[in-house]
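Sharing a structure below in structure tokens format, with a few things to ask.
To keep things simple, chains are lettered A, B and C as they appear, and every chain counts its residues starting from 1.
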Amino acid sequence: MLLLIAAIYFFYINVKKIVGNIHLGRDLKINDNRRKRWWLMFRVAIGQSKMTVRPVSGIMHILVYVGFIIVNIEMLEILIDGIFGTHRLFAFIGKYYYVLGSIFEFFAFAVLFGCLIFLIRRNILRLKRFWSKEMTSWPRTDANIILITEILLMSAVLTMNATDGILQIRHEVHYAFVGSFPISSILQPLFINFSTNTLVFIERFCWWFHIVGVFAFLNYIPYSKHFHVFLAFPNVYYSKLRPKGEIENMPSITREVKLMIDPNAIVPAPEETAEQFPFGVKDIKDLTWKNIMDAYTCTECGRCTSSCPANITGKKLSPRKILMDIRDHAEIVGKDKAKKKEKLDDGKSLFDYITTEELWACTTCNACTQECPVNIDHVSIILNMRRYLVMEQAASPGELNSIFTNIENNGAPWQFSHEDRLLWANNLEMNIK
Amino acid sequence: MSILVYTENWDGKFKKTSFELVSYATKLAEILNTTATVLSIGQVDPVELEKLGKYGAKKVINATNENFKILDNQVYTNAIAEVADKEGAEVIILSNNNTGKALAPRLSVKLKAGIGSGVSKLPISTKPFIVYKKAYSGNAFATIQIKSEKKILTLAQNSFEPIATSSAIDIENLSLQIDGSVIKTKVLEVKKQTGKVLLTDAEVVVSGGRGMKSPDNWSPLVEFAELLGAATACSRPVSDEGWRPNEEHTGQTGKIIAPNLYIAIGISGATQHLAGISSSKYIVAINTDKDAPIFEAANYGIVGDALKVLPELISAVKEIKS
Amino acid sequence: MKILVCISNVPDTTTKVKFIDSNTKLDETGIQWVINPWDELSLTRALELKDDTSNGIQSVTVAHVGGAGSEPTIRKALAIGADNAIRINAEPGDAYFVAAQLSEAIKSEPFDIVFCGIESSDHNGSTVGGMLAEFLGWPSISAVSSVQLKDGQAVINREIDGGKETVTVPTPFVAIVQKGIAKEPRIAAMRGIMMARSKPIKVIEPNSVEPLTELVGYELPQPRAACKFVDPDNAKQLIDLLKNEAKVI
């Protein structure tokens, strides 16, 4: 009981921290198109539609994901058992319990199998996207911990059921007859020769191992990429619905340009003063809360990076890395804010994590946003960091600066007099009015 | 009121520029019905000084002092002004090279003499005194009247042919007094290219642009230049990319040159590049694009691939030489 | 230390130059006015020196001789990053006139380094910098391709025939700069343009100075004879022409 309360409490604290970090970003209202958004969430997050683009991993993931949900129904029984000291309370539903239990077992095994396959793909087959530069030891360890934990927990459940089954046959106290479940039955021969006391010990051990493991895992999740199981749903709900190639205007710039053209123009007052926020994004506080939520939702799967044409051709850009860097820095900024530090960062900005070379390599093709199973918008972050470079610092590469100068002076990106603009039409037989 | 012409020396030697100036000054002296005196500053041998006589100089003042070793603009300006005063010079002529550009303006203020800078021929008229020079980076010419009594002219390089005459030259040695403390310029280091033909002096220049495609393709160009006794140059993108040294960049913000022959290979002819070479007497262009702007400025052109044409040109020159 | 950069207002390089009033004036219709390219590079270098806080540059000022029509160009310089500007309200007469006016403005404040571009792309005089230095009585270094500050001392590279010399000069001095002083000119960022609106342009009236020279008129160059094309398969012909017709090799 105590454990339950403690687990829930710590989980709550950590989630609150993450939510706080997400709110370090700028305000953004996303309350349009509710039906479309619910449908999108249903299709992409619940329905896993984008995962099945890669069939092997897609199907395995569906098994693990569905399994996770289903097995958690059994968790309910375990929790109640734990609080009230009962054993397999739900057994009162009679023969449906057997069906239920079998379903649970099937999925427990599916999860175990899926995670095993994932471990193999990651560590033995060494799929390229799991071994990019940004996948340093912590992300790799994180992934392996998750997979191994799931395997252990599912093994515990199956072992528990196996030993429970044997104990039922031996008519042990507490172990009312509910039947042996299909998969754990296969395990039973392993234990058949153990003494009853040992079996009870094993069964109880597995029960406790499982529940404690779940509580521990629950509290591990906020520190891990596995948090996506919670965030994926709101993240997809709040996706960008506009066409992928569309880049949103900056109202502050529209306003500035209108004023430059006509100082007496009537323009809406700025919502935020220009001093508070720079043009574009330099640091966490300049991102929108949705960008930061994207960073916390990132599952580090690497589909974005593996489909990025810049990355594939050897450039430094890795869309995944950008999201991971944002999460890392948001954590630091969040900590500083909690300590009520005056400067909300460690003296660094996102540009200390993400180099300009990476930013300029992006072709804004949106392959990354297309592939992302949780609808992260990488391109908007890259574009807004570029906006900071150009609009605050004029720090664009020399080629771009010459283009800007030429457009300003000659009305075209090249070094030709604007008087020559119609030269191409000289030999054409047309009347140009 | 006479003419004073300052001829710079390089390690005690004169160059074509110096002789151009002497011929120009001599010619101008004839027009103004006066005499032209040459001023040389720094350590120069009498044998070298006599060379000036071959271009019409009748008198040269050989001003010397320890402190002339470093080009300190104020020290040199004061020296020239002092000699100009002593000689009663009304017109002072210098070259429009780096040194001339450094000294002439200071002299102008010191002597309250109007400047015609970068003039390319003798004055169009002397009463009023009107000179002719490039304007708008070579896109036009301007005629300027110098209204002050004293006048300074800086002669654009390679615009006046030295005229060989012979004349006996009178060398006057003048040891100037200069207080060492007025020297503000201190030299820390000198880096000189040796051996190769200097771009600013060269009569023939062979230049490469982005159309050469890669720095690895430069050897035929260099060979061609060597055969012609030419200096090598390049366009801005080539020097920016580091394919060729910065010193070779010719163009509006690079070196502005006026050789007799400028051969542009794989250069499109953007306005800024043309601004650097428009005073060349002859321009040749080799480019694969027949519409490249360089052909509008060129006297001769070949529409073709430089890498194919260069070997042919090289063998043609070798033939002539043999 | 305070730096001053002299800027002049010139037509953009791609301008097709035309003259009016019997060829005595530039036809200004449709002309895009820009900062003289060499002055732009000086300004860039001055700002680079200021960015390096170890150099202790307090401010970068730009100075210009011109009428109110030059204000957009001055604002551009402020947008690129200059802190303030001085405009001497007079049409630029000749280089002597301009240098005299500038020297009065500079004398009134304690500047340490003055940058001048070697020439302006319209008059190609190469004279204002040197004249200014003489008016001020300061040392000048010409053909400067790099300026650095090391331990409070100015280390300057100047071009000499066939190479370069590294020299040092005590402040205050005038540096007359050419290519190499900065790799690329800086451009104005949006933020800079916004801030430029509120940066001060001090307008002062000119002293009376008589120009020593006067423009008489302009002339357009003779149209070049059309290019004589040589067949690429017969490249030898080019060498023949150069030797026998043009007589340049």
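Everything below uses one rule, namely that a residue touches a chain if its C-beta (ideal position, glycine included) is under 8 Å from a C-beta of that chain, and two chains touch if they have at least 3 such contacts.
Since the model is a prediction, treat every value here as computed from it, not as a measurement.
Asks: Taking each chain's centre as the average of its Cα atoms, which chain lies closest to the overall Cα centroid?
Replies: Per-chain C-alpha centroids ranked by distance to the global centroid put C first.
Asks: Which pairing of chains gives the most C-beta pairs in contact?
Replies: Counting C-beta pairs in contact for each chain pair, the top pair is B-C.
Asks: Using Cα averages as centroids, what's the distance between chain A and chain C in whole Å?
Replies: Centre separation, chain A to chain C: 55 Å.
Asks: Centre to centre, by mean C-alpha position, how many angstrom separate chain A and chain B?
Replies: 68
Asks: Which integer distance in Å separates the CA centroid of chain B from that of chain C?
Replies: Computed value for the inter-centroid distance: 20 Å.
Asks: So which stretches of chain A touch two or more other chains?
Replies: Each of 415, 417 in chain A touches at least two other chains.
Asks: Counting only residues that touch at least 2 other chains, which ones in chain C make the list?
Replies: In chain C, the residues touching two or more other chains are 13-15, 183.
Asks: Taking each residue of chain B in turn, which ones touch at least two of the other chains?
Replies: 271-272
Asks: Show which residues of chain B lie in contact with chain C when the two form their complex.
Replies: 10, 70-74, 77, 96-98, 101-110, 112-118, 130, 133-148, 154, 184-194, 198, 200-201, 203-204, 228, 240, 246, 249, 252-255, 260-261, 271-272, 275, 281-282, 284-285, 295-305, 308-309, 312-313, 315-317, 319-320
Asks: Provide the residue numbers of chain A that touch chain C in the complex, in ascending order.
Replies: Per the touch definition, chain A meets chain C at residues 253, 256, 260, 274, 278-279, 390-395, 398, 401, 404-405, 409-410, 415-420.
Asks: Please name which positions on chain A make contact with chain B in the complex.
Replies: 415, 417
Asks: Can you check the complex and tell me which residues of chain B touch chain A?
Replies: 270-272
Asks: How about chain C: which of its residues touch chain B in the complex?
Replies: 11, 13-15, 17, 19, 37-38, 41, 94-96, 99, 118, 121-131, 133-135, 139-143, 155, 158-170, 173, 176, 178-180, 183, 211-221, 224-225, 227-232, 235-236, 238-243, 246, 248-249
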